[in-house]
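Labels for the chains are A, B, C, D, E and F, by order of writing; each one numbers its residues from 1.
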Amino acid sequence: MTPSQTATILIEALPYIRRFAGKSVVVKLGGAAIDQELDRALAQDVLLLRSVGVRCVLVHGGGPQVDALMKRMGKAPEFRDGLRVTDAETLEIVRMVLTGKINRDLVATINREALEEPVAVGVSGEDAGLLTVTQRDPALGFVGDVQQVRASVLHRLLDEGLAPVVSTIGADAAGQPFNVNADEAARAIAVAMAAEKIVYLTAAPGLLEDVADPSSLVPRLTAAELRDRIGHESISAGMIPKLRACAEAVEGGVGTAHIIDGRVPHALLIELLTDKGIGTMVKMEKDW
Amino acid sequence: MTPSQTATILIEALPYIRRFAGKSVVVKLGGAAIDQELDRALAQDVLLLRSVGVRCVLVHGGGPQVDALMKRMGKAPEFRDGLRVTDAETLEIVRMVLTGKINRDLVATINREALEEPVAVGVSGEDAGLLTVTQRDPALGFVGDVQQVRASVLHRLLDEGLAPVVSTIGADAAGQPFNVNADEAARAIAVAMAAEKIVYLTAAPGLLEDVADPSSLVPRLTAAELRDRIGHESISAGMIPKLRACAEAVEGGVGTAHIIDGRVPHALLIELLTDKGIGTMVKMEKDW
Amino acid sequence: MTPSQTATILIEALPYIRRFAGKSVVVKLGGAAIDQELDRALAQDVLLLRSVGVRCVLVHGGGPQVDALMKRMGKAPEFRDGLRVTDAETLEIVRMVLTGKINRDLVATINREALEEPVAVGVSGEDAGLLTVTQRDPALGFVGDVQQVRASVLHRLLDEGLAPVVSTIGADAAGQPFNVNADEAARAIAVAMAAEKIVYLTAAPGLLEDVADPSSLVPRLTAAELRDRIGHESISAGMIPKLRACAEAVEGGVGTAHIIDGRVPHALLIELLTDKGIGTMVKMEKDW
Amino acid sequence: MTPSQTATILIEALPYIRRFAGKSVVVKLGGAAIDQELDRALAQDVLLLRSVGVRCVLVHGGGPQVDALMKRMGKAPEFRDGLRVTDAETLEIVRMVLTGKINRDLVATINREALEEPVAVGVSGEDAGLLTVTQRDPALGFVGDVQQVRASVLHRLLDEGLAPVVSTIGADAAGQPFNVNADEAARAIAVAMAAEKIVYLTAAPGLLEDVADPSSLVPRLTAAELRDRIGHESISAGMIPKLRACAEAVEGGVGTAHIIDGRVPHALLIELLTDKGIGTMVKMEKDW
Amino acid sequence: MTPSQTATILIEALPYIRRFAGKSVVVKLGGAAIDQELDRALAQDVLLLRSVGVRCVLVHGGGPQVDALMKRMGKAPEFRDGLRVTDAETLEIVRMVLTGKINRDLVATINREALEEPVAVGVSGEDAGLLTVTQRDPALGFVGDVQQVRASVLHRLLDEGLAPVVSTIGADAAGQPFNVNADEAARAIAVAMAAEKIVYLTAAPGLLEDVADPSSLVPRLTAAELRDRIGHESISAGMIPKLRACAEAVEGGVGTAHIIDGRVPHALLIELLTDKGIGTMVKMEKDW
Amino acid sequence: MTPSQTATILIEALPYIRRFAGKSVVVKLGGAAIDQELDRALAQDVLLLRSVGVRCVLVHGGGPQVDALMKRMGKAPEFRDGLRVTDAETLEIVRMVLTGKINRDLVATINREALEEPVAVGVSGEDAGLLTVTQRDPALGFVGDVQQVRASVLHRLLDEGLAPVVSTIGADAAGQPFNVNADEAARAIAVAMAAEKIVYLTAAPGLLEDVADPSSLVPRLTAAELRDRIGHESISAGMIPKLRACAEAVEGGVGTAHIIDGRVPHALLIELLTDKGIGTMVKMEKDW
């Protein structure tokens, strides 16, 4: 690259760096998207962004890994309307897998990539009342909806220079743990933190006009436009919760919501620090 | 009780409360001693002590529960010289049980007892580099010895008014997780925190002159006297690591080390706030 | 006492300690109740409470001692409606006795009991404008009613870790000193400090249903109930000003007012740190 | 006066104001010199100096007034080598007169002159351990020598913008009060406070070459020169303790010691804020 | 002078010193009044006032010096209604003379007089957006009116203990520099700083009833009275802008505005620190 | 550019941004290199770097512009050994041109480019004693060598978020102004500020092996290697002072010294934020 091209990218990136310094960014990554090499690139992005003052919070799911352990323990996963039916034993397994395995692996990956000192810390929604939930439906067992987020728990860790990795187990007012959908939990956290951005890393390029045509990416749309599309047949079922969460996030005060391709290395960095970005961006108002 | 008796206890307790305010106390509880009712009483003690300014850190083990899950998963626990041989799969199970189950249950118990707001947070030795370890012996697999404790991680949580519950999984410099003996980890943490006290909750009244006679309790001894006894035949094998850890703790600067009976409800409170105490206390110098 | 009994008292006391930490408590003791042994116990209570963060202010009277010096100097005390007629010379004697003798003796007693360093300081209502008064009635001479309390004078001393002992001599706007009734001054101070409690130490168990029957103690009542009783014939004349002051204190925002038996050693400690208390407690609302 | 003369005085005074801002000045006034009009002028000086940041501490004696009350109470004052023989009853009288009368009168005078809010507070050497003493000689009874000054007591009051007036009653380690010579106490306080100046207000123009000739004033001398003169016959007996105290003060680190004429209104202001000053100044080194 | 006269001046000055400590005073001096000896006296006044906490800002003009350089460079100054017609080249010359010569000389003079360390700094209205202006009239070229003053620029320098000297070149929103009338700029700065005083140093004793009679000085008047006089024939044309600026300053919230004789050495000090002052004082309300 | 190329540049730049955040960078630009378009690019670089926390100080010379004004005023510039002979009148012209014209133009350019608010402020070495100098040689007149730099003047401006632009006029201890060589002044400032970098913008690509061959750039060398070359014939005379200043800077503790091509737009940004950089870098130790 020529000096002039380099200067162009830097001149483009620096105002973003300045704008996002001190701001919070919540990044949701799914159990499905997790791959060691991509995790390393993501860990690097989080550390680089943190190094210039962006306050990154990672929120993770882990469905496939839960299924794997259940099967290993001779227990068949059961779903109703796409939601895991969660009895007491399943809850214990979910909790062990999310907080005792996936969370730990992410924390370890970030700490391995950290050049100076380990900064990642695992946090469960049960810690210090981070996620207070209520039961969604007795038929689903211990599945909860987030009622309240104690964002100060995360802000204080970020103030200390730490990088929190959140498992989405919550507790109700009586202290009973519940399993919480990670897409929704991430949204609730972003809203409660008054985050600048929420970013969903997915296994797709973003929102596509035509799900069969990767070049039909919708780069930007408003929350209202997004809501119009949610019922549309062109949308894959798996994408709907993310789209809804994006709309709710910006309606709840988050600056922008993003759905980007978690399979592109450093997608997070590119999305945040370039004019063009990657994937789909949702805002409240059309200002582009 | 008469007003005079009540006054006597309060007059006795208040100077201790004052002395320990702002000081750190590390409490180790074992997997074996865990019982729901006692856990509740312990949770209350931790919350009461915290309410008057004592900085309590709980450190837990969990051997029996690890054995249970391993058996459930069709894996036979293996020990060498009392230490668990820990291959990669065993490590993953230990990590899931300690950080994903026992730690979570303790956090949930304390938060349930908290009158105002949840204050307990789970912490793993991997978080933010809390416990840096080195491998003890390749034959034992992923079993580590604590090389360094980043006490600031705990102090910052305590500064925020939180009550940390620590699982003793550490990581080596390259980020590889290791299983760590909880008695030793608690001692290393207490020394690094410059704690005022370390308290081991056990299933015995303390150190006994005659292990068969519960009335033969040794109420106080110096670290040197304790070292003299360690090799002694009257000492049960299971007690030796705790005794050694007590000696090392006070030699390392911890004010006093205590072995008390975890089966007595509120043993922690009584030990800290009365002249007579309960169990065995170890100090560097004989000043009684 | 058994460990369990001890634990019960501590578990009862700790929440009070927490609740009162950082709160102000004004304690009024009369000249009549002063006895060296009880003073020592009171001094200990003040120091213990202070050691756990309670901000104690002592306010004292001293009628009998004033009479004694007047007689020694050949001057006959004169009273009208229970109030001392105070000419210029009497004022000078009152001032000398209160600030130069009783206050000094209390300060000395507390400082003698202090384990670490002397913390008691004498304060007169004239110091830094603590008590601004107006003349009550020319016929009474230099007898004043409190118009304004500069509570910051006491708060600043408490902030420094000191224990103020207040003599109730005030000054009017022109700087002329006046004698002030100590029960009323204590109430005015407690209100101005937004104190949590005001405690009157008396030579009776508290408010009695039947003044002849010490077992007829009224343990709790509201300010309104107290006002109803004040005119009642069962009330001794000497108790009326204290009862009125209690009602005015809680009506003025003080959390609770107490009349307790100053002849019981450590009555203050027991009243503050046990559920049952000792003596009579007055609150605004009936919440028991 | 012409503008030019006015400018000259101001240009002379401002650097002193700047130099003394934030510095401590201890002013000793004797019982003998006390006169209402002069007290008012002194109170004004203290308030003016305080308003530009000088930290003034007044220390007072009160021999004549003690004698008066003793006589009134039918007790004959007794002296040995110029020191008051102080039995328990005398001590009580001294304490009442100093802290309950003279101190109070000075506090009242300053507070009356204060334009904005009362700032004077009375302090006894017994308060918060200000003056720790040891008995000088059993034959003298309760007469003490200052062993230690807790200067922080005064500094904290000054930090709060208050003007302390100190009575020189001290206490020994066991809390027993003692009478202390005010000239010496003032010196000890100035040294402990690391004061910039100590000023003795006397009934003489300063140190005179010839005690009979008021024009023979010695305007400046070093501590060594002063020590040379102390034994000299030209020095009046009453002046000796002050001269010795001046020498000890500057040897102890006080910037300068002054003996000035308390009968000249505003002598303190003139001494501090003009090049020429008034009275006698003592310094460690001759730098004039 | 006698001690009593000295005391009188000091007692008079100290309350002013106290009142002005921490307050801002803007002093305008004109190019015409500049004389090396007077500048030295002014520099001393500024430094003395600063030493007792007054926050002085000097604002200067420089018409005669601009004319001199223009002539030297073969350019004829041109005026319209008393305002300099300012083309691009003239602007460059004005800027060089004001910021590169007069400002520098004043900074150098103050720094030379400073006893401890140099505290004067030159500031142009262009620095950090101090003076934002708009063009007055195209026919006048680059002559601007102050629209906004960023007073924080000066307050921050004063907070650092520095003494700013301001050249009155401003810039419009697009960054184009403009020449600004110094009398008006000083007024705008004083209003924006919420200054206690603005002082105009002139070549006259102040406002005279009869311009031919120096003894006809008007010592005090209100802004309204001043406005009444402005159109009056007795007022010299050159004085009008200053009078108008005085009225606008106090109407804009400045405590008092002063027109004093810059030819009297130390006029500033005398005006600020004596009851009688020198020159003419303008206030909003008649309170004398 | 592809996302991957963009990511590469960002991943490269972010660690530099982090490393330089809070660090000082002194940039010297010469009178000769000044061109409006390049000045704008430089102003943008300074603002971008400032926005991510780099503390930039610009230092400028201005020989050609001084010559121009001197000629305009009919005065012939005179040089001895490359140094301007500076009589009193020349000094006044130099001062007017540097502080009244070039400095002002740079301040205006930066403030014009600032998106939010004007941040540039002009500073002369005379302000607040920034540059204390001594005369180099009476034959050269008012030409000074920097003896002392009061770096706190610049640090305080940077702490306030301002961007100082420095003219290199200094003053001696008596306050007499002197002209100072800008290359040397920049070096002295960088050393006194403990700057991370000093950057010389020149009209050459950097240090060339063969001055006639622009591709013979020496990208990195140690201070010792640089000193070896200084005497070498391949070095142009005009480059020698810069090379010497670079060596002295890194020997004086500045992290790195750079000579870069001021004619390349955004050269400063590229040099600071890319691995490869542009121009020549000098370090104390060879660590590449």
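FYI, contacts are C-beta pairs under 8 Å (C-beta built on N, C-alpha and C of every residue); 3 or more make two chains touch, one makes a residue touch a chain.
Just so it is clear, the structure is predicted and the values come from calculations on it, not from any experiment.
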item: Number of hops, subunit A to subunit D, where each hop joins two touching chains; value: 3
item: Euclidean distance of C-alpha centroids - subunit B vs subunit F, Å; value: 60
item: Interchain centroid distance [CA atoms averaged], subunit A/subunit B, Å; value: 35
item: Where subunit B touches two or more other chains, by residue; value: none
item: Chain contact graph, described as a line, ring, star, complete graph or other shape; value: ring
item: Chains in cyclic order, anchored at subunit A, direction fixed by subunit B; value: A, B, C, D, E, F
item: Subunit A - residues contacting subunit B, complex; value: 72-73, 92, 95-101, 104, 107-109, 111-112, 117-124, 126-129, 150, 153, 156, 160, 162, 169, 171, 174-175, 177
item: Complex interface listing, subunit A residues touching subunit F; value: 1, 3-7, 9-11, 13-15, 17-18, 21, 44, 48-49, 51-52, 264-267, 269-270, 273-274, 278
